[in-house]
Amino acid sequence: MPYVKIEVTREGVTREQKQQLIAGITHLITDVLDKDPSLTHVVIQEIELDDWGFAGEQVSVLREKGITAQKNK
Amino acid sequence: MPYVKIEVTREGVTREQKQQLIAGITHLITDVLDKDPSLTHVVIQEIELDDWGFAGEQVSVLREKGITAQKNK
Amino acid sequence: MPYVKIEVTREGVTREQKQQLIAGITHLITDVLDKDPSLTHVVIQEIELDDWGFAGEQVSVLREKGITAQKNK
Amino acid sequence: MPYVKIEVTREGVTREQKQQLIAGITHLITDVLDKDPSLTHVVIQEIELDDWGFAGEQVSVLREKGITAQKNK
Amino acid sequence: MPYVKIEVTREGVTREQKQQLIAGITHLITDVLDKDPSLTHVVIQEIELDDWGFAGEQVSVLREKGITAQKNK
Amino acid sequence: MPYVKIEVTREGVTREQKQQLIAGITHLITDVLDKDPSLTHVVIQEIELDDWGFAGEQVSVLREKGITAQKNK
């Protein structure tokens, strides 16, 4: 009976990326924990940039300053 | 001090249904646990069909295939 | 696909009370929203009295002062 | 590694108020717990008035009756 | 800024399995969404079998009846 | 109607620190949002070090390597 919640800033996540997350996490959990996939639910929640704070600053403010969360920067 | 969160796919839940859930759950909890209703909060969160994954598939995809969550099917 | 989380202070909730909550909420949701019970998960989380704050005070402190959350007081 | 989630009814919370909450909570937590701010995330989630139940009633109904959550009433 | 919460019944999940979940989900998310791993937090919460309800029944009761959540059954 | 959840690694948070967090956050929220304190609930959840992952590693592993979350390092 796993339930997974993913919270991520709303910055253009596509339907395909969501499907990749849902499929990948379900596969990982059912594989590692030997769980029935039909008992595994994954919920994605996108958060507005004004509503996520990191290190005391709104992400919207960080983005205006050119600070991203990407790994390839 | 109970707090209840209900997550449900966004598929036409009406204001009246929400009120029925809030009234019913509050009544149940205050009855079973003998809690003061004014300490009981219930929050409903509707989730877009692209954002809920079941058995590794987006619910939006399941719905396109004609698979519903209704009990009378 | 409903998922329900109940947070309640840890004050002697019995196994039977938990079963009543789980059965009652599942019945209510599947009834009001016409959902398949096998897609309905309910999770109960008991919170220590030091870890729940109400009106700026720890519930453990409120209990020491004789303030309860019961409705029959 | 603190993570904080704030759920509040959607009633005109401004961007500046959100920033005050994020800055204030991050400062409080890093101060009380001696945590690195860059490990502290704060997420604000606004809830529609139909979706929050208090004492068994939708907040939208309470507001229609003139009942507010303000402290200065 | 992704934050992931995994809730799973407490049924002997090992430290190694937890590490596999944390590493796998972090890798998946940073890969699919191109996110900096140092902004990705994963929290696992194990739930007692009396506290998880599925289809209106406590999982502890389901287990006593020999009903498991494993996929290989 | 604010509800706040704080998740933090279980690393010796004292009862007094919890009370400081509860009092401070309640004061901040009621001050910034002009909310009635008796409608404000704060829940603290401590997470075992094996159960929190940061940048793909369990915090328990990070601590064994001497990596802390303190700001004064």
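To keep things simple, chains are lettered A, B, C, D, E and F as they appear, and every chain counts its residues starting from 1.
Rule of thumb we're sticking to: a contact is a pair of C-beta atoms (placed from the backbone, for glycine too) under 8 Å apart; a residue touches a chain by one contact, two chains touch by 3 or more.
Model, not experiment: these values are computed from the prediction.
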{"item": "Set of chains adjacent to chain B and to chain C", "value": "A, F"}
{"item": "D-E or D-F - the one linked by more C-beta pairs in contact", "value": "D-F"}
{"item": "Selected pair, out of A-E, A-D or A-C, that shares over half of its residue contact pairs with B-C", "value": "A-E"}
{"item": "Between chain A and chain F, centroid-to-centroid distance (C-alpha), Å", "value": "21"}
{"item": "Shared-contact residues (touching 2 or more other chains) in chain C", "value": "1, 3, 7, 21, 25, 30, 37, 41, 43, 47, 52, 54"}
{"item": "Touch-based graph of the chains, sorted into line, ring, star, complete or other", "value": "other"}
{"item": "All chain pairs that touch each other", "value": "A-B, A-C, A-D, A-E, B-C, B-D, B-F, C-E, C-F, D-E, D-F, E-F"}
{"item": "Residue ranges of chain B touching chain D (in the complex, touch as defined)", "value": "15, 18-19, 21-23, 25-27, 30, 37-38, 40-46"}
{"item": "Chain C partner contacts - residues on chain A that touch it in the complex", "value": "1, 3, 41, 43"}
{"item": "Parts of chain A lying in touch with chain D, wherever the complex brings them together", "value": "7, 47, 50-58, 60-61"}
{"item": "Touch list for chain D against partner chain F, complex", "value": "1-9, 13, 17, 20-21, 24-25, 28-30, 32-37, 39, 47, 52, 54, 59, 69-73"}
